[in-house]
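Chain lettering (A, B, C and D) follows the sequence in which the chains are written, and residue indices restart at 1 in each chain.
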Amino acid sequence: TKVSVVGAGSVGATLAYAALMRGAARTVALYDINATKVEAEVLDIGHGIQFMPMAEIIGSDDVAVCADSDVVVVTAGAKQHAGQSRLDLAEATVGLVKTIMPKLVEVAPNAVYLMVTNPVDVVTYAALKISGLPSGQVFGSGTVLDSSRLRYLLARHTGVAVQNIHAYIAGEHGDTEIPLWSSATIGSVPLTEWRGMTGPDGTVVGRLTEADRERIAHEVVTSAYKIIEGKGATNYAVGLAGSRIIEAVLGDEGRVLPVSSFLDGYLGIDDVCLSVPSIVGREGVRHRLEIRMSVEELTGLRRSADALRGVARSLGL
Amino acid sequence: TKVSVVGAGSVGATLAYAALMRGAARTVALYDINATKVEAEVLDIGHGIQFMPMAEIIGSDDVAVCADSDVVVVTAGAKQHAGQSRLDLAEATVGLVKTIMPKLVEVAPNAVYLMVTNPVDVVTYAALKISGLPSGQVFGSGTVLDSSRLRYLLARHTGVAVQNIHAYIAGEHGDTEIPLWSSATIGSVPLTEWRGMTGPDGTVVGRLTEADRERIAHEVVTSAYKIIEGKGATNYAVGLAGSRIIEAVLGDEGRVLPVSSFLDGYLGIDDVCLSVPSIVGREGVRHRLEIRMSVEELTGLRRSADALRGVARSLGL
Amino acid sequence: TKVSVVGAGSVGATLAYAALMRGAARTVALYDINATKVEAEVLDIGHGIQFMPMAEIIGSDDVAVCADSDVVVVTAGAKQHAGQSRLDLAEATVGLVKTIMPKLVEVAPNAVYLMVTNPVDVVTYAALKISGLPSGQVFGSGTVLDSSRLRYLLARHTGVAVQNIHAYIAGEHGDTEIPLWSSATIGSVPLTEWRGMTGPDGTVVGRLTEADRERIAHEVVTSAYKIIEGKGATNYAVGLAGSRIIEAVLGDEGRVLPVSSFLDGYLGIDDVCLSVPSIVGREGVRHRLEIRMSVEELTGLRRSADALRGVARSLGL
Amino acid sequence: TKVSVVGAGSVGATLAYAALMRGAARTVALYDINATKVEAEVLDIGHGIQFMPMAEIIGSDDVAVCADSDVVVVTAGAKQHAGQSRLDLAEATVGLVKTIMPKLVEVAPNAVYLMVTNPVDVVTYAALKISGLPSGQVFGSGTVLDSSRLRYLLARHTGVAVQNIHAYIAGEHGDTEIPLWSSATIGSVPLTEWRGMTGPDGTVVGRLTEADRERIAHEVVTSAYKIIEGKGATNYAVGLAGSRIIEAVLGDEGRVLPVSSFLDGYLGIDDVCLSVPSIVGREGVRHRLEIRMSVEELTGLRRSADALRGVARSLGL
C-alpha cells in the first residue's frame, strides 16, 4: 500500500509521521515544491523508522513520487494566519488545486483523494470538479477533526472514555459547523438525557447541561484559532485524524466518519461538499447516513450549505 | 501493573496470552491447582515473549503467585459440556468460589476482581458476598462477550465497521439475555431505523428488518453452544473481551462495558448481579447507565433478574 | 492481503488469532477437513473482531477458501503425542502433504508457502518437491520458535531485554538442532564473553558460564516435550512465531529469520531443508546468511543435514 | 505512570505526541515557561486523544504540573541554529539547567531524568552535578538517535530490515561521535564481513565496503545539520527515540541503549558523561556494556571524552 502526502508542511509531515507510526501504509511518499524542506522531513522521519512498524518513506519535489498511490492526501497550501477566517484563504488555494490535481490524477488515476487543505469543503468541491473523478473518490477530511475535538471535551467533562462518546459535527469545517446534539449518545444514553455519574457517596459528577453543551460547541470552533495563535499551526490532531481516514480506506473498513463529500439530494441539499456522517471504504465515500436532525440542526446544515455554495460560485466553480 | 489469572484452562491461558500481546499488563501471573498444566502454559506463552510488548509471565500452583495483583481474573472452573445449560454448573462452581476467594483476597486485598467462570452472574454474586469487598470491586465479564458477538453479526449483516455498531446485550450471560435494540445505534442512526446503504447504482444493501434482528439475537445465544460443540470450549473471543475489561480498569478508562455487577435499585431491580452498560475504571464498576428501555426489554431484564435471584437462593446465597 | 491457514487445530487457530490481533493480514482464511471444527474456530475468533485491528476471518472445509492467498501456512497434521519423537511422525505427514499441496497450489499459485507441520524440515522438503515451486517460495517455520525459546531463557538468565539477545538456533527443528553460540551477541558483546552486570554495590548478576549455556540449550530442546506433556500441544509461541514470519513476507521486510529452506551449496551442505539465519521478504526466502561457525557448530549442522536427508530418502523423497 | 516533558518546543511536543501514540505513559505533562505555547500544544495533542491508546495530556507554565513524575524529559532550551556547532550552545544552556533542575527535583524527587537538550552530554553532566541525584538516575538521550540514523542508512544500503542491524554509535552526540564498526553485526554476521545478498540470478546486492561505511558515518554526522537547514529543527526521530527510552525505563526493560551517562572507570575513561551501549531499566542506567573496541574506536572515544571534559571545565563544572 502506498499513501502520498502532497505538501510537506506542518500538517503533511505530521500526518506522514502519524500514518507510519500507526502502520497505516507500507510506503509513504511526501511531495512538495520545496525540495530542501521535503528532503529534510523525509530524513527526519526516516531516522525514526527503526522504532516503527515496517515501512518506508520517500519524498521529492517531482510529482512522479506519487505514482500509483492508493491514497493521495492533499495538504499543500498556505498556513492559516491568526485572525484570518478560513474562507478568506479560498481564492489562492483554489488556484493551487487547479494546478496540482491534474498532475496528480495523471500519475495516480486510481487513488482515493483526501483533501485537507483549507477551506477544505470548497477545496474538495474544486478538486472534484477539476479532476472529473467520480464523486466518492474525492472527499475532504471535513469535520473528522472537529468531531474529535468535540468528543475530547465531552469526555473530559463527563468522565466517560472518549471511545464511548458518539457525537458528530456536521456542515462546514469552520465557523458555521453544527454539532448534531439530537442524535448524539454516550454509551447508549442520548446525550441530551445524560444525568452524570453517581458516586458511591451519592454525589453526582459530570452532568451536562444545555449551557455546558453550548460552551463546549463554542470551544470547538474557537480552539483552532487558539492553537494557531499559540503555536502557529495545528498539526498533531489533524495528523491522527488524517491517518484514521486513510486506514478506513485502505482497510476497506466501512467506517462512519464525518467527511466532506459531494451532496446530491441529501436531506434536500444539493451541489455542495460538506460533512455528514458517511461510510468510508476502499472506494472512498460509500454512503451518507441520513441522520434524524432537529429543526435547528437541519436549518443550520442548510445555512452551511448555502454559505459554501456561495463561496464556490464567487470563485467561479 | 500485575494481573493474575486464576485457572490456566482454555480461557485463562488464552486470556493471559491476549492480555500480554495487547500490552495490557507488565506482569501476568497464572494460578492453577494443576501444577503441570500451569507450568506448560507459562512456558508456551513465555516462549513468545520476544514477539510481544515488554512483559513477563509467571505461574504456580501456589496462590502466593497472585500476591499484590492489581486485577485478579477468575476463570477456574469446570468446562461447560455440550448440551449442559450454564445454570446447571452453578452448584459445584459456587463451592469452588467459596474455597478460592478468601485465599485470593488474603494475598491481593486491593485487587479488582473480574469473574469469568460460569454461570458468571451467580458466580459474581457469590464472590461478592464471600469476599465482603465493596460492590464495584467485584464484577463479572457478563455480556461483554455476548455484545461483541451481537456487534460482529450486525457488522457483517450491514457492512458497517463493527466499531460503529453501538449495541448492548443486558441481563444474564445466558439464555435469558436481552439485546437492547431500542437504544442501539449504527453511527448515530437508531438501529431500528437503519435502512441499509444505497450503492452508486441505487441498489440497497444491508437492510436490517425485525426478522433479521431476531435471527441475529438467536444466533448470539446459540453460538456459544455451537462453538463448544465444535471445539469443546470457547476461548479466543472471551480472551479478548477479558483483556479489554482489564485495560479499562488498569487505564482508569471510564469505559462503558456491559459487565455484571450488583444492582441495588437499578430500574427497580435489587439484590442480584447481572449485566447493564456500566462505567468501568480503576476502582472497578463506577456507575451503571440508566438506559431508556422498551417495555419488552425492561420486562425481559426483570425476568432475567428473577431467574438469577432464584438460582442464588436455591444455592443458599 | 490474504493469509490462509491450513489446519484449524491448536496451532492453526492460535496462529490465525495471533495474526489477526497483530494486524498481520486483512483476511485470514482457515481451511480444515473437519467442517464443524473450522466453523467453531471461525465463530470464536470472529466474535473477538471488535477488539482487533480491522480484519476478517473466514473458513471452510472446501480448499477454495484459500483462493488467491498471499501466504499459505500449513499446520494440518497429527498432534505430536507425548514421548513420540518428531521424526516418527514423518511418514503419515508426508502422505498428507502429497494430498494437500497440489490442491493448494492450484487455488493459490502465487502464494508463499510456510510449512509448520512437523517434522517441519522434512515436510518442507516434501512440499517443495511436490509443488514444483521455486525454492524460496516454499519454506518452513524451522527454528524460529526454538530461537525464540533460547532468547527467552537467555533474557531471563542475564536480565537483559529479549530484544537485545541476538542468538540463533540452526539445523533441524528437533533433537539435533544447534545453538550458534559463537556468533551470538548480547547488545554488541559476544555472548561467550558476557560477564554479567555489575550492580551499584559491586555484585555481579546474570553471568553466563558454559555450563549455563549447555543447560539452557538442553532446556530449549526438552521444553517442547514438557509443554506437550503438560497441555497436550504447543500453540501460543508458535502462533506468534508464525505471525512474525507472515509479517516479514507481507511487509517485504528483509528480516533475518532462522527459517527452514532448501540448501544448495550452503557451507558445503546440499539437497536438504533445514534452518539457517535467512533473509525473508515478499518472495519468501531471499538469501541465506553465511554465518561464521565454530568447528563444533558446523559439524553439528552437517550431522543435522545428514539425518534429515536420511529421513527424506527413507520416505522415498 | 506519569511522564513530564520540560519544554514544549518542536522536540518536546513531538516527543509527547509520540509517547502518547505508543501508549508509553498514562499521563503526559508538558511544562514550558511560554504559557500560550504550552496550552496550544496540549490542546492540539489532546484533540487527537480519541485516536490513541487511553491517555491524558496536561500542561502548564507552573512546574507543579510535573509533580510526582516517574520520568522527566528535559528538552527546554534554545533551538540549534543552522551552522552553529552543538558545543557552542553550551554556556547558555547550562545556565538554564541550573535554574530548572532544582525546581524539578523538588517536585519530582524520584523521577528518572532524561536529558535531551543539547549539547546533551554536557547538559547531562551539569544536571547530574546540580541535582545531586545518584548517577544512573540522570542520563541523556545521547547517541540513541544517531545510532538509529546509522541503522536506517545501513538498512537501506544492504536491504536488510533495520531491526536486524545491530550497530551503535558511541561518544559525544555530535561531531566527534564514533560508530562502533568492529562490534556491529547484521543478523549474526559481523558487519565488517558482510558480503551482500546473492539474488536468484547470481548478482550480488547490498555489499558494504569500507568506503560505504565511511560515507554512511559521515552522513549520520551531517544529517542533523541538513535537517535543521531544511526545516529549522529536528523533531520526528528524536520524539521516537525519546519515547523508546521512556518505555525502557517505565517497562523496566533491561534494554541496551547507547545513552549518555556518567563514566567512572569505563575503559579507562572517568568523570564525563558520554554514550556507550548501556542497560536501561526502572532505575535509569543500570550498567554500561564493556564493548570490545578496535584501537581507532577506543582512541576516538577517549578523544571524545577529553573534548567533553574540556567543555565542562571551561563552563566551570
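Just so we're on the same page, a residue touches a chain if its C-beta (ideal position, glycine included) is under 8 Å from a C-beta of that chain, and two chains touch if they have at least 3 such contacts.
These are the chains along with the protein names UniProt gives them: A, B, C, D = L-lactate dehydrogenase.
Quantities reported herein were computed from a predicted structural model and do not represent experimental measurements.
Student: Do chain B and chain C, two copies of one chain sequence, contact each other through the same residue numbers, with over half in common, or through different ones?
Tutor: Interface between chain B and chain C is built from largely the same residues.
Student: Please flag the chain sitting at the greatest distance from chain B, going by CA centroids.
Tutor: Measuring from the centre of chain B, the most distant chain centre belongs to D.
Student: Could you work out how far the Cα centre of chain B sits from that of chain D, in whole Å?
Tutor: Chain centres of chain B and chain D, defined by C-alpha means, are spaced 43 Å apart.
Student: Indicate the whole-number Å distance between the mean C-alpha point of chain A and the mean C-alpha point of chain D.
Tutor: Centre separation, chain A to chain D: 34 Å.
Student: Quick check: how many Å separate the C-alpha centres of chain A and chain B?
Tutor: Once rounded, the distance between the two centres reads 35 Å.
Student: Pull out every residue in chain A that's touching 2 or more other chains.
Tutor: Counting only residues that touch two or more other chains, chain A contributes 54, 155, 161, 163, 253.
Student: Across the complex, what residues on chain D touch chain C?
Tutor: Residues 134, 136, 155, 159-161, 163-164, 166-168, 180, 183-190, 193, 195, 197-200, 248, 253-256, 277, 279, 286-287, 289-292 of chain D touch chain C in their complex.
Student: Which residues of chain C touch chain B in the complex?
Tutor: Spelled out, the residues of chain C in touch with chain B are 13, 17-18, 21-22, 36-37, 39-41, 43-52, 54, 145, 148-149, 151-152, 155, 161-163, 223, 226-231, 234-237, 239-241, 243-244.
Student: Can you check the complex and tell me which residues of chain D touch chain B?
Tutor: Result: residues 23, 26, 53-54, 247, 251-253 of chain D touch chain B.
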